[in-house]
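See structure below.
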Amino acid sequence: MALYKWFFVLGFIFCLCGMATAQESGVPPDSANIDTISQSIPPPAPVTDLQAFDTRNDHGHSITLKWKKSADDGAGNNSVIGYEIYTWEPNMVDSMAQLRSEIDQVRAAIYGGKKTGEDLKKKIRTLKDQYDILLEQLTVAHAGYPEGGEWRLVDKVPAGTETYVHLGSKEKLAEGYIPDYTDLYYRVDALTADSVVKTPSVVVGPVQCYGQWFNTEQVPVLITVILFGVLILYFVMLARKGKEIYVRPIGGIEAVDDAIGRATEMGKPILYVLGLGSVSDVATIAAFTILQRVAKKVAEYQTDLIVPTYDPIVMSVAQDVVKSAYYDAGRADTYKEDSVFFVTQSQFAYVAAVNGIMLRDLPATNVYMGKFYAESLLLAETGALAGSIQISGTDEIAQMPFFIVACDYTLIGEELYAASAYLGREPILLGSLKAQDYAKAAIIILSILGIIATVLGFTWFTEFFHVTS
Amino acid sequence: MKRTTVLVMVGAIVIFGISWVLKSMSLTSTTDHYIAKGFAITFAAFLTLCIFSFLYKDNPFYKFAEHLFVGVSAAFWMSMGFWSTIVGNLIPRVSETLSNYFKVPYHPESYNPFYFLPVFLGILLLLRLSRKVGWVSRWPLAFIVGTTAGFNFIRYLRSDFIEQVSATFVPLLVDWQGIGHFFSNLSLSSTGQFVAMLSNWVIFFGVLCGIIYFFFSKEHKGVFGGASKIGIWILMITFGASFGYTVMGRISLLVGRITFLFKDWLSLIS
Amino acid sequence: MKRELPFVLVFIFGMFMLLQYFVPHEKSEWVYEFFLAWTIIIGIFALALGIWSLFKVSVDKIKMHRPGWGYSYVTLAGLFVMIAFGFTKRNGDAWGLYHLWWILGLLCLGAIMQVRAETNTGRKKMYFVVSLVLLAATVAISIFDNTWSFHFYTSEGLENTLFRNFFDYIMIPILSTMFALLAFFIASAAYRAFRARNLMATLLLFAALLVMSRFNPWIPGAEYVAKASTWLMNVPNLAAQRAIVMGIGLGVIATALKVILGIERGYMGKG
Amino acid sequence: MFYPGPLVALVDIGRTISLVIIGGGLLWLFIRALKGKEVDRRVIFLFIFIAVATPILFPITFGEKATRVVKAVYDKIESLPAGSTVIISFDFDPAMAPEVQPMANAITRHCLVKGHKIIFMSLFATGQALLTQTLRDVVETEFPDKKEEVDYVNLGYKAGNEGVLNVIISDFKKMFPTDVNNIPYDSIPALDDVSSCKDVDLIVSIGGGKPGVKEWVLFVGDPGRVPVACGVAAVVAPQMYPYYPKQLLGLLGGIKGAAEYESELIHNYPRFKDVDTPGLRMMGPQTLAHMVIITFILIGNLSFFIKKRKDRQ
């Protein structure tokens, strides 16, 4: 053991010394070279291999363009400074834009004015009907290419670009709406420093966009979901069958029971703080499970429990949880409705109130479980001042240092989730801990494989784990 | 009440009064509402001192500020919530008549009779106040917990799990050109090869040991226990470092408050 | 039905949100956005529940004469006044009887509280009469005074100067002073906890000391200390954070899955 | 009026108070610690209060010496020949302003006193108001002889984040056809020699959010081979270090960086002795409070070990 310790400490000091004595090298970049652009520019070569297709794995209303950059982009005459993307649109989009702005104006008149005239509402309805009629004709008009329409600029991109995603709106009444299942045409122009000199590409189309029902890019995620789900179910089943599962001791959790006993001896209450999370935070859900165990013990020992809450929904749930814990302990008669109460939905007002409770009711034990932000240290220091035993657990990394420093026991991150399983010693919940451990082992193996793959230069392996958002 | 308490109270009121008068007098040239402004600044300073007095011990001044703050902030959030969520979010989606009444732009395109459902669920939640049918309030809770559990499941799986795993694939060899080259060009420059490699090694093994610390179903013994020990040490170093790093920001907050007292209230500094 | 239905709902909605992620189609997106909006709206109803709880706790405290019950008047006054300001606004330049109105309103609230708190029936009756008179007066003022008006249908109340002043001169000073208390607490926590008791505490201590001395003009080689602390924040910090984040991720995923599948039920009462 | 140098006296008072009260107090606690006694937390609170309040009342400055990363920025501006063009981009919002605006002011002062031409601009919508503030407080009041459009130009804010940078690296005029006063690009004398970002001698991005320093480096500095320097909030500084010194010639991190720059400036240009130096002002309380905390940790450990030894005996 001692060997590890020394190895570690020495290594660490070495690293720090290394950093501390680090000498800087490297040259700042040179001043810019001024490129002189000749006055008359010959037309650049057009882009080639222009392709247009529906953007995959999306909700539709978007087209992806791909091309090979012009021969004069970064090479040749080096005259291309960017590209312009054009799309062909029927002339009726102008009347649609006109209608949209009219609708906006009428709306502004309705909501800006003091009185809402009935005729304005009627007007907006007729305008919208007209718009809908145009919208229905849009697909047909697009099919009429190249009659009755013109090329319109979509966007500009800098030189060197070879892909562009024309991201349209899905809102029918929004500017930039791209209809699904409609023939669209595109063109890309190569630009030079002289705004007149540019070369258009060949036209691509017709191309249609539409939404997909399955996102193929997320296959790795799906596989992980299934594997992990199966793993959890498997171990839960194993546990149900009665297989013993070892769980290492977790400091903070073992302390909970002692702390409740201590509170009973001293005749002082226990304060349970659920933090600033809402029910949507999983940390809060884990905190509820721990609250259930604590409340049950409290009911058995006949101690007082104080649960001030920050979120009204959390308050509702916590009331339910505490009530049923008393019920389970067979002490439903001693449950007090107002032991769980709402304070306010303002971070520091909540802290001010909880701090007051700590100094006035002098709880023997303070338990902080769930989401905490800047208030963590305010709470924990006041609790230490009041002389309470303090147990904390959070998954907010930024607040862990403060809890560690000011509390007697701290559950770090995942330990909070493990605690809910550990406290009850219910085999079903313990089963999932085992599954989590297998997942961790998988991470370690994957990391080692990933490192090896990186060293050997197998990029496909790392790319497989790259998830696009 | 004890005599000292009464004395302190009277003293506080007298000081408050004097401060109010002086502050108002000093503001006569800057604003027409100098009496109100003088009161507001004095009161803000008074509340600031009330909260600071907590550092000495719990006292009636702190209690006053605390209870006032709780009441005012609860009402503040209720008013804001009402205007931004019910009026701003719900009404424009449910009814044109109501939106006209509340003068919020109606969104016909997002009109949705289903928006009556959350209202219904919200009312179910309020039924919790009744002892008899309180149990139906669990339905909206079930809805919230279910949707957010599903939502969080995916979010964490992607960002905290898969992305973090792939981020750990750091190259342990950074522009490796053979051992000879490595040693002949050994430098401690923070952008040099050695430091870059060292940092990557620390990251890789740090993550590994950290994960091992979080193993629950295996006894921490032998090599495994050693790795887990190193894991918790690295965690501790990190916690110490971030603690030290945060001090600066917290001091800045105190500077802000003391500046308020000295500048806006006492006009001691310009 | 009573006990199982909530868990069935959790399963259905949880599964939908889970699968929705893999379906980019507009229709699934639509439902998704929709559900997220729902939770916010339900939250507002819950806020009403919360305000009710706050009100009830304060009133009960006054009624039962619990320790510190006097302060509950302050809470209730703050609550009442801030809500009143949030929904009223003056129409012109003058305030008219507005100030009288809200002060009478406060007194009325106080009188009603006294009715609840008083045990002596005679005085109880007196307070009742007083509260009725005050109520009548406030109603009368709000009907006949035209210098200000209620705004239940526009958020103009938020622009009420008194609402803003309460925010600027009551909420902000208290809030930022509470926050500033951290400067003191961070020092006392450091003094109390950073003791070289064992190896772990020592590591904590040294890392904190190193980072805190990164700009100390009297330490020789402060520049190198700064560099070392930057490295500490960039490298080992990153490693530890990543390990914690992965652990949390797994915990969240497992807990969420257990919730969806109905294995973990601790968050919902039984009765 | 009645006393030649009240400011000098104040500084001395600050030094004396902090030395006597804090130093003496800590010494007393140290002696108590030798006896193995613990310090009451209220005493710690008092010390923190004094350590923060004294330097606010009586400004104390510590001999801030510019570290290499800050000095690099200073030296670059110092070494550019008079008449060079510098872009100062205000890429921050009011929340970040207390930390980074002092840097912007100090660098602006330095550039103007060296006779450089400055192009002011902003990638943050809220940055424009802060930019106007600097122009009013620094340029117009301290340098009344510098003329807008001749010695400096204010191009204001342009929406488009890195898109703006993508364009101005090849053509300034396209993105900024006029300055904020609606004067056409071609009639601004300060921009006579500047057609794109490649023509400027230095880019200073102040901020640290997005878009900000990273975007300037990746979209302008690297492709255009223009030196980029930056000033960022303390929290983001560690993320910027990897770009130094190859892609960033230097950086100012947090209020500390601002203070170092200010002290370097005051040291070399005595005319700035009386200007407001918020960076240095903020550093007084910071340094004192940090030192007090460090001392308390040391005292705590001392009494801990002495008590432990006593217990063993």
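Side notes on the structure shown:
First chain written, first letter: the chains are A, B, C and D, and each begins at residue 1.
Heads up, the rule we're going with is that a residue touches a chain if its C-beta (ideal position, glycine included) is under 8 Å from a C-beta of that chain, and two chains touch if they have at least 3 such contacts.
Just so you know, these numbers come straight off a predicted model, no measurement behind them.
Comparing mean CA positions across the assembly, the chain most remote from chain A is D.
A count of C-beta contacts for the chain pairs B-D and A-C puts A-C on top.
Distance from the chain B centre to the chain D centre is 26 Å, each centre being the mean of its Cα atoms. Note: centroid distance chain A to chain C, computed from Cα atoms, is 23 Å. Averaged C-alpha coordinates give centres for chain A and chain B that are 17 Å from one another. Chain geometry summary: the mean Cα position of chain A and that of chain D are 33 Å apart. Shared interface positions of chain C, i.e. residues touching 2 or more other chains, are given as 18, 21, 39, 42-43, 46-51, 54, 68, 171, 174-175, 178-179, 181-184, 186, 188, 190, 192, 194, 199, 204-205, 208-210, 212, 227, 230-234, 241, 244-248, 250, 252-253, 256-257, 259, 267-269, 271.
Residue positions of chain A with contacts to 2 or more other chains are 5, 15, 19, 21-22, 24, 26, 221, 225, 228, 279-280, 282, 285, 313, 316-317, 319-320, 343-346, 348-349, 352, 360, 400, 402, 404-405, 412-414, 418, 436, 440, 443. The set of chain B residues touching two or more other chains comprises 51, 54-55, 63, 65-66, 69-74, 76-77, 103, 125, 128, 138, 141, 144-145, 148-149, 151-154, 156-157, 161, 165, 168, 190-191, 202, 204, 207, 211, 214, 233, 235-240, 242-243, 246-247, 251, 254. Arrangement of the chains shown, judged by which pairs touch: all-to-all, with no pair of chains left without contact.
On the side of chain B, the complex with chain A involves touching residues 51, 54, 57-58, 62-63, 65-66, 69-74, 76-77, 96, 100, 103-105, 108-109, 125, 128, 137-138, 141, 144-145, 148-149, 151-154, 156-158, 161-163, 165-166, 168-173, 187-192, 194-195, 198, 202, 204, 207-208, 211-212, 214-220, 226, 229-230, 233, 235-240, 242-243, 246.
Against chain C, in their complex, chain B makes its touches with residues 40-41, 43-45, 47-48, 50-52, 54-55, 63-83, 85-87, 89-90, 93, 101-103, 112, 114-115, 117-119, 121-123, 125-126, 128-129, 135, 138-154, 156-157, 159-161, 164-165, 167-168, 190, 199, 202-207, 209-211, 213-214, 231-247, 250-251, 253-254, 256-257, 260. Contacts from chain A toward chain B in the complex involve residues 1, 4-5, 8, 12, 15, 18-19, 21-26, 107, 110-111, 116, 121, 128, 171-173, 220-221, 224-225, 228, 245-248, 250, 279-282, 285, 313, 316-317, 319-320, 343-346, 348-349, 352-353, 355-356, 359-360, 398, 400-402, 404-405, 412-415, 418, 422, 433-434, 436-437, 440, 443-444, 446-447, 450-451, 453-455, 462, 465-467, 469. Contact residues of chain D toward chain A in the complex are 41, 68, 72, 76, 166, 170-171, 198-201, 221, 224-227, 245-247, 249.
Chain C makes touch with chain D in their complex at residues 183-184, 186-188, 190-192, 194-197, 205, 208-209, 212-213, 215-218, 222-223, 226, 230, 233-234.
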